[in-house]
Amino acid sequence: MRKVYLDHAATTPLLPEVREAMLPYLDELFGNPSCLHDWGDSAREAMEAAREQVAQLIGASTDEIIFTGSGTESNNFAVKGLALAQQNKGKHIIVSAIEHFSVLHSAKTLEKWGFELTEIPVDQYGTVDPDEVRKRIRKDTVLVSIMHANGEVGTIEPIAEIARITREHNIHFHTDAIASVGTISVDVKELGIDALSLAGNQFYGPKGVGALYIRKGVRIMPLLDGGVQEGGRRAGTENIPAIVGLGKAADLAKKDVASRVKHLGHLRDRLLTELPAQIDHIVVTGHPKNRLPGNASFCVEFIEGEAMLMLLNSQGVAVTSGSACTSRALKASHVLIAMGLSHELAQGSVLFTFGIDNAEGDIDYVLEVMPPIVERLRQMSPLYAKFTKTGKGGR
Amino acid sequence: MPIYSEKVMEHFMNPRNVGEIENPDGTGEVGNPVCGDMMTFYIKVKDNRLEDVKFKTFGCGAAIAVSSMVSEMAKGKTLDEARKITPKLVADELEGLPKNKFHCSNLGAQALNKAIDNYLKKQAKRGKK
Amino acid sequence: MRKVYLDHAATTPLLPEVREAMLPYLDELFGNPSCLHDWGDSAREAMEAAREQVAQLIGASTDEIIFTGSGTESNNFAVKGLALAQQNKGKHIIVSAIEHFSVLHSAKTLEKWGFELTEIPVDQYGTVDPDEVRKRIRKDTVLVSIMHANGEVGTIEPIAEIARITREHNIHFHTDAIASVGTISVDVKELGIDALSLAGNQFYGPKGVGALYIRKGVRIMPLLDGGVQEGGRRAGTENIPAIVGLGKAADLAKKDVASRVKHLGHLRDRLLTELPAQIDHIVVTGHPKNRLPGNASFCVEFIEGEAMLMLLNSQGVAVTSGSACTSRALKASHVLIAMGLSHELAQGSVLFTFGIDNAEGDIDYVLEVMPPIVERLRQMSPLYAKFTKTGKGGR
Amino acid sequence: MPIYSEKVMEHFMNPRNVGEIENPDGTGEVGNPVCGDMMTFYIKVKDNRLEDVKFKTFGCGAAIAVSSMVSEMAKGKTLDEARKITPKLVADELEGLPKNKFHCSNLGAQALNKAIDNYLKKQAKRGKK
């Protein structure tokens, strides 16, 4: 059976070059970069080279890059660390309603710690209106955190516009660019932001490593206290193999970003147009234009996402869904709900995310296996029965 | 390590008794799409026995497998016997369910019970007439 | 030139079996365990197998193991998370004066957040007296955190005795066992503790992964907020290759712990006796009996540790030092100072930590190269000159 | 990537002018072992020129390399010229020092200056006699 991985939003495979770059650091070059002997020297050298590669990818300088253990850690670090460092100035923060939980729940933790939290709504496409941010800024606002691109629906936010507003008001602005860095070009200077999160396993680098860009001069409280690694801002023995892998992935992304955008964009556009041509009562979610090149997300009416996902998996196709049943907490995607979709429609969520290894044949295969799956589940669905009998219950 | 047992997968991939019964003796509908799962059970009763059981389900793999299992367990049983199909029994027959999916087995048993209730109510009405 | 790595306290190399176990997860088995398709299933299966291996190593059950990104993260998580979860009960915590900075600085952060902190002193061998803990327990004490073994001087603490006291008082007890797990046998039930930190790269497992044992029923606040990974207690895509490696390292450690203790203990004892036989004015630091089998730590009078370290490195020998000059913050080891050593003596710190690959020949080599290095630095030392002329300045 | 430049390593591994001068014309001692480094400089002066410079140093690699470099830079210079050996010059000659080791170059220049001060004080005393 054909095996087609279309869940690159969840995690990406390692590029062979990335794996090759890592291997020596899982072997004889196992040193700890804090050490002053040869083993430490090699590790330090590798780490600083990787820092340069990551800095290059996003247009930062090396002393603005802090390595972390994951995208989630970068987001927790940024949101909590930037807010706590400024609590004498004010205790109000702003995030969007469609942030990843690592931002949203960090913000809620700050709420427990005495901060006030404003969630900015989004429109039907999942876009944040910069004016809405402007309206909600208060005298005591110290941090705005709005994601660069949403991994679930692919929508790219107008970060540069928002950053212009936060700069006018002298408020720190963090953006979660975990879903975008390495896939589309991201430049911290062009965006004009103060902090940015990225993660290795979103662009063919390893798991267990992320980075936080933090603009020179911006103060942040550590999330991980301990030794003086990373200039005292992030303690703990550095994960050198993963850091080296992240560096290599950054290097390759920088070189290949234009061709990635083109290749992924083509696959996405095919699926976005051809799947609805074959299946009735299916809705594209996310922004029609400003969206990640690899993201094709839909809601299929009258059926539920987990069942779709499992039947696709039985045909060798790996996808994900924002339905309540697929989440361990049994809640429909907060992103889809914030975009104004009904819970019923959100239940039919299915998300295809492409990677650089996917090819035309993969789209053909999806177009072949998906319609019968939808048909089969609809034949089982009491909602579809009601709709076909009464014409009611559709959108 | 799939989250579902082989038995759940088997029933999900090949669900028994999917469909509607024309002029059913009883129907039971539970759940709603907001919370994720929705099941409708249809029964045909003869001599106090479930001669036929069918269902339609909107929901996850567990919901579909539970529906299939409940329909299979119920078919041929007397109404009293069918009442004794508890969520626990259904889950056990399916070789277990993930903790957060256990409510699906509740739904299945409930839908069947509702269909029986519906049948008995209809009978009572008919008796009155 | 012979290359001899004697800095296993800083980090250990990967065992070949560990590396082998990891490789498939850097390759085709790259899935995210939160996903419900085949790629996710394989990742989840590997992760749960590793959890079982880690649980086995320390006598815990699998639902008591939370994977983290490092030893430092485990310590931050434990200290902050256990204290914050109980702040309605009380706001006093107790740690020892020789904790690793990841515990000590976490405790200081709690102090900033309104907790009160008591540091327990240690004796000349770095041992915590359980009675000192008992004396300092207050009505509002909610957490005691004392390390199982100190990585710098090797001293093993009387954890079971201390745990008996904290249990009497119904106070949660966390122990940082990062320096001991995998090297000596550690059983959470025998120790009778509520939480325990461990890290992969301390026992031939990978960097970038740690674990926190947390006894069933003990509540903890997340350090990393976000998704519902690890039962909602530690968010972020799991570092599967590293987790698999940690599991394998745990498995090997469980099998080999007795032979490791014997082998390392022998090397340690040789150096602890033979080096002072060759070099005058050298002091063994740490406990003479209750000490980690791989740890031989000394202070050499009249000379400074970084210079020793560099000259040893020029002979191919990798060691570490607790001298002020070797620390990026230019402070002598707080452990040595807490044990009552003078700053002058602490400057002469040199730490040899053995690993399972070390052999007799490595000790011979150290005994060959070390005395001339000490002699050379002493010839350069104004303190030594003063001592030889006046007999003053020694201990 | 070693933390030290090649030049620092070279001076550390082969320090010039280590030792004491018998009956020095001046000595300068700076630092103390608590803060990590301690240096003693010995000078021999002839015709207002540093005919010989020697040192003893307790300290890290940087401290030893700085001492060696300062001694080498100073040797043969007039006292006035030797006064102009600034920490910055020393660090530059060593092809840089890690940020947190820059204080070592201060110590080196200070010790030399102290030795010159000591020489001048002795001269002044002798002059008075």
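Which chain is which? They are A, B, C and D, in the order written, and residues in each are numbered from 1.
Operating definition for what follows: contacts are C-beta pairs under 8 Å (C-beta built on N, C-alpha and C of every residue); 3 or more make two chains touch, one makes a residue touch a chain.
Keep in mind it's a predicted model, so treat the numbers as computed, not measured.
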Interface with more contacting C-beta pairs, comparing B-C to C-D
C-D
Most remote chain, CA-based centroid, reference being chain C
B
Measuring from the mean C-alpha position of chain B to the mean C-alpha position of chain C, what distance in angstrom results?
56
Approximately how many whole Å separate the CA-defined centres of chain C and chain D?
40
With chain centres defined as C-alpha means, what is the inter-centre distance between chain B and chain D in Å?
91
Once you find the CA centre of chain A and the CA centre of chain C, what distance in Å lies between them?
34
Can you list the residues of chain D that touch 2 or more other chains?
none
Touching two or more other chains - residue numbers and ranges from chain A:
36, 306, 310, 326, 328-329
Residue ranges of chain B in contact with chain A within the complex:
12-13, 15, 18, 20, 29, 33-40, 56-64, 100
Mind pulling up the chain C residues that touch chain B in the complex?
36, 41-42, 44-45, 48
Residue positions on chain C within touch of chain D in the complex are 302-304, 306-307, 310, 314, 323-326, 328-330, 332, 343-344, 347, 379-385
Okay, in this complex, where on chain A does chain C touch?
3, 5, 7, 10-14, 19, 22, 26-28, 30-32, 34-40, 69-73, 75-76, 100-102, 105-106, 108-109, 199, 201, 206-209, 222-228, 235-242, 306, 309-310, 312-313, 316-320, 326-329
Under the definition above, what is the set of chain B residues touching chain C in their complex?
1-3
